[in-house]
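Multiple structures follow.
The following pair of complexes shares a single chain, chain A, combined with chain B in the former and chain C in the latter.
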Partner chain A sequence: MSEQTTSVENPPKRGASLKAAEARTRLISYLFCLPAISLMIIILLVPIFIAGVLSFTDYSLGNTDFNWQGTKNYERIFGRSSYQKMLWASATYVLVVVPASIGLGLGAALLINSLRRFGDFYKAIYFLPVMAALLAMAIVWDFALHPTIGIVNKTLASGCGTLVEGFFSWGWIPGVNGAESWYSTSCADEFPHWLGEKKYAIWTICFIGIWQAVGFNMVLYLAGLTGVPRELYHAAAIDGVRSGWERFRLVTWPMLGPTTVFVVTITAIRSFQVFDTVEALTEGGPAKSTYVMMYAIFEKAIRENLVGFGSAITIVFLGFVLIITLSQRYLVERRVHY
Partner chain B sequence: MASVTIRDIEKSFGSVNVLNGVSVDIEDGEFIVLVGPSGCGKSTLLRIIAGLEQQNAGNISIADELVDNLHASHRDIAMVFQSYALYPHLTVANNISVPLHMRRLSFLQRLPLLGRFMPGHKEIMDGIKRDVDEVTETLGIGALMDRKPGQLSGGQRQRVAVGRAMVRHPRAFLMDEPLSNLDAELRVHMRAEIAELHRRLATTFIYVTHDQAEAMTMADRVAVMMDGDLLQVDTPSNVYKNPTDIRVAEFIGSPKINILAAQVDGAGKITVGDRMLSGLYSSVKGEDIQVGVRPEALTLADIKAEGLPCRIVHHENMGSEAYFHAELNIGGRVISRMDASALDTFATGQEASIVIDPQNALLFGKEGQRLASKIEVAA
Partner chain C sequence: MLGNSSPMAEALKHAVLIVGALIVILPFYVMLSYSMKSPNEILTNTGGFIGSQEKMVDDYCIKLGNPKKDCYRTPVFFNYGSAFEKAPLVRYLLNGVFVTLSIFIIQVLVALPCAYALSKLRFWGRDVVFAMVLVCLLIPVHAIALPIYLMLAKVGLTNSYAALIIPWTISVFGIFLMRQFFMTIPDDLIDAARIDGMSEFSIVWKVMLPCAVPALMAFAIFSVVAHWNDYFWPRVVITGDRSYFTPPLGLREFTGGADGDFYGPIMATATIIVTPLIVAFLLAQRKFIEGITLSGMK
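Right, the complex of A and B next:
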């Protein structure tokens, strides 16, 4: 009661001192934020800004000055055929690796989750490619896919003239001419040079990308599966759900929504960033068929010292990643959190 | 609507026995409550009836038909879960219609986009909508149809879960502690609502709870379970007045029953401490027994009265009645429930004596089994 009276008696004085105290608190809280904010600006925002500025110039590392190029660098990226190939290579890689590795990762997670024994064993096996350095594994793939001494082509060749060829030439299907099939023609001629032919190289790189990403996606989905309440499966059984497919559609898939959004974003960003397999196995070739963006940035900005042009590719690259991230943030996320 | 017969159900998880041969016959349209402390196996029994868990031995039949080899989805029973287990991504209307979708639509008609173009789809969907509307109207949740479970309160979720169970008119309702996630006030309200629902639907209800108040207020019959055994199946009043086992007597009733050590002499007369219980005789002669006395059968009297001397250590005023906690001079603590007017005479710290009403004393053997007693009213 007495407290109330004093506050009514001296409102202006008290209000003023309160305001001063508030201002001081605000200042102090900004001071506490300052190290984090300045670090963020210096190491995250400034480099991107510099890259953005350089992308409009012809700057090379070591030069003292540069010329403004306007949007010429960007016109080259979207106009010249070799950079259109770059965009195609990256798009193909992302559009193949993302759905395939997510589908297979989810499948592997569901299978492992249903196991009573050996689950940990399979987890470790599938996760091996994620743990192994991709550059080291690329050497193994290089050997395996060698056109003449590689184990892949040797295995394929050993099937020629046997039942294996008979089966995989599909000649046993009515109306199919077995002799014209891929397997039979390859047996007659030769098996492809997986990394050296324009027709196959990007798909081979995609295959290795999937091989590597499946384990990672599987682990993420396994984590997501542990979060699905068991009672929902019981409720579904009582409600008349009989088949595994219906159970998946009614409970598992909707409950994995947040996981899926995360997995799609992460896999897409990682796929845009593919570099090591390309550098180790194809160096962008043949005929720029595997000339993905990360490799282009490396080649232009580091090898050829065309920093201005490399920066322009970097900005385009960042644009793509930003689009993916924002679309997941605004389009999808709202629909998967209930 | 169907009877449910449970025969010698045994279940163990690894080396732990959860159910040791439980048998009970549940009549058509009966409301039976399985009650017991947590870990007594009551939920496991319910899940075995539902088909969510497989028993190690014994049989379950519903409507005189063995269902042991039937999947849960084929047993035609509904279940309400403790956590409600609503599908969080579906609206209230869709949650309630899931059981009908699964049963009435064919696999092709259920397909995500193509389903609606299959012949007969529209007629079935209209029928489902009618049935869902009927249920939501009965439960008073018509206004919530387009909300998701995350936007509902606990009581509303509870109603949706009941609606999902009701919508397809199952042969029996199984409820696994459906009220334990609600606050005390709502729990009392929903208790009455579920009992009313049972009266209206006249379907078999099997209800699991650890709350003896729920068991006593809702059940036609109460099945008391403890440590994997079914101790007693009887009406609520019989379970309270005539417990067959000391564990039942101790579990049912609040405040808890008072247990006093007693001796029976050669003539069958019973003494507690140094006082003889007048007019009460036991058939077990010359042995130590236990006497159970409900708090309302214990009254406080003046220190000079013919009773067990004690000291009141605590009293609780409940408004219309009062609980007195008393320390007996012969050792042990008892609770007496008396009319609130007793507060005028007795208070904490006072010396008094405890008088046992022999008509309402229950006799138990050393192992806890119920003993017969004979009452002779002195002329």
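Right, the complex of A and C next:
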């Protein structure tokens, strides 16, 4: 790029030089935007187009040719039971992780915000999982949840036959048969293989997802809470709002509306993209119960080279993400205050 | 908030938060603890947090034909030593540093001039470019990994640093963020620079860049954390050539064929990978939280 000066310093030849200056600014602007524009096109837009086209084919990497398949790939996604399981696994994960991590994040933020001291201490601890590589922590959870030597089952087992079992078997509640409770039957038999049993695997993956997302949501809510003007609480008090719950329902929650819309969107998009835990811990199993979409794309298109089919999953995936973000935009524009 | 300030309520809040904190800390505790214990202590769940550090026999050392007396190891040294010896972990870590830094630098080189043009220069088509930025903000790069992978494969770039870096060179979010930030910088400053005879090019790097340092710091944290921890993208484009492995790939490979004896070294590797960012975070919490939640500014 050449070293040019604009002609502000030469007022005499005003008309001509102004035009020249404008042309130069335009040229410079285009030069400045050129790298960004070309990269946006090559890296973000062209791939979507490619995926869109390939999703109607049976293309595989290495083949020179491909056949048009019409909508067959899409019919497979929505028609075959193993891919319906994929949609279910993704939906379950998103529908569990989003509300749970937001509820817990908001709860933690409210508690921390109302503390007189040590708030920063909890904030730092809750934020740790956000910083740590999810893959590494997934592997640690794998060890912690190991059916026989893992710390979780060891700890649970050490409670057997003690007051802990007495409490958590709920036998002390009238009308409950403690011996049939989950805890007691597990003590008598064995504690679950958290990642190896169909009944538990997806919930365990969800749990790790929640564990990781809570701190992020908490921090966003803490930022949101600083934006709630104190006068509103005083005003509410004058209007006769006494209980903490009423104060939350009438002041805090409505004021947090924009934060909530944002937190829901970003958590949902991130949850849709879950991959690390599934790849490292269950590989989609057992019985496809944790076969989430990102893992399906990875397995089908990259490992098995079924590119056409993988592209169709990619397009469906993008469709979901688009729906989420567009509803966010819509809600933001309507300036949500519930 | 007008907190309920009775000591009972305060104690109850602490109790709830402590229970939560214990669950959050649990895997970090397991990771650190296992990284220091001997295989036997891990299997039997004994030895407390740091283990007894009693000398243990290194089976692999015996397999190599060394006499038993030379094969006694202190567990913590054995674990961390194996982490570095059994795999080229140093190489993986350097790869990680190289890739994350390159990504960040290129992102800035691409985003800054564009953000400047979008915020401070008037030109035909500016609104179109900005609309494009807004549309591209909607696209998660992980979601279009497959077509990007195909393009890289077509030009023979899989298993290379380029494959790890190229897809991330454009940070639409970075452009958006910098534009918003530049909007707050008064035009007078730029006019003054022009009158001083500075070219637009040097205005970007000598006037705007220094002004943007706080925003760039936050963006740097955002970018580096995301790419140091990223596992999906390297997993897709690095298919087998270990010399391009990033730290998470190295760790995953380690767990692949591992038996019980390797829990210690695996946990040591995990600790080594996770520690740099955790330590940096604890040292500069405010900056990190700001950076990671940057995306909240949209």
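The rule we apply is simple: the second predicted complex is superposed on the first by the 293 of 338 C-alpha atoms of A that agree within 3 Å, B and C clash if a C-alpha of one lies under 4 Å from a C-alpha of the other, contacts with A are read in each partner's own complex, and residues count from 1 in each chain.
Criterion: contacts are C-beta pairs under 8 Å (C-beta built on N, C-alpha and C of every residue); 3 or more make two chains touch, one makes a residue touch a chain.
Fair warning: this is a prediction, and the values are worked out from it, not measured in the lab.
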(message) Based on the shared chain A superposition, would you classify chain B and chain C as clashing or fitting together?
(response) fit
(request) For A:L250, select first, second, both or neither according to whether it touches chain B, chain C, the two together, or no partner. (result) first
(request) For A:I112, decide between first (touching chain B), second (touching chain C), both and neither. (result) second
(request) Could you tell me if A:W203 is touching chain B, chain C, both of them or neither one (first, second, both, neither)? (result) neither
(request) With the two complexes superposed on chain A, say which partner A:A237 touches: chain B (first), chain C (second), both, or neither. (result) both
(message) With both complexes superposed on chain A, which partner does A:F66 reach: first (chain B), second (chain C), both or neither?
(response) neither
(request) Give the label of whichever partner, chain B or chain C, reaches more residues of chain A. (result) C
(message) For A:P229 in the superposed arrangement: first (chain B), second (chain C), both or neither?
(response) first
(message) Between chain B and chain C, whom does A:F143 touch in the aligned arrangement: first, second, both, or neither?
(response) second
(message) Quick check: superposed on A, how many Å separate the nearest Cα atoms of chain B and chain C?
(response) 9
(request) Show which residues of chain A both chain B and chain C reach, each in its own complex. (result) 237
(message) If we count contacts the way the header does, which residues on chain C are in touch with chain A in the complex?
(response) 1-5, 10, 13-14, 16-17, 20-21, 23-28, 30-31, 34, 42-43, 45, 109-111, 113-114, 116-118, 121-124, 126, 129, 132-133, 136, 138-151, 153, 166-167, 169-170, 172, 175, 191, 194-195, 197-202, 204, 225, 228-229, 231-232, 235-236, 247-248, 251-252, 255, 263, 266-267, 270, 273-274, 277-278, 281-282, 285, 288-289, 292-293, 295-296, 298
(message) Touching residues of chain B toward chain A in the complex: what are they?
(response) 47, 50-52, 71-73, 77-79, 81-83, 85-89, 98-99, 102-103, 110, 148-150, 164
(message) Quick check: in the complex, which residue numbers of chain A touch chain C?
(response) 1-6, 8-9, 25-26, 28-33, 35-37, 39-40, 43-48, 50-51, 54, 61, 104, 108, 110-116, 118, 120, 122-137, 139-144, 149, 151, 154, 211, 214-216, 219-220, 223, 225, 228, 230, 233, 237, 244, 247, 252, 262, 266, 269, 273, 275-276, 279-280, 294, 297-298, 301-302, 307, 310-311, 314, 317-318, 321-322, 325
(message) Could you list, by residue number, the parts of chain A that touch chain B in their complex?
(response) 229, 231-232, 234-242, 246, 250-251, 254-255, 257, 338
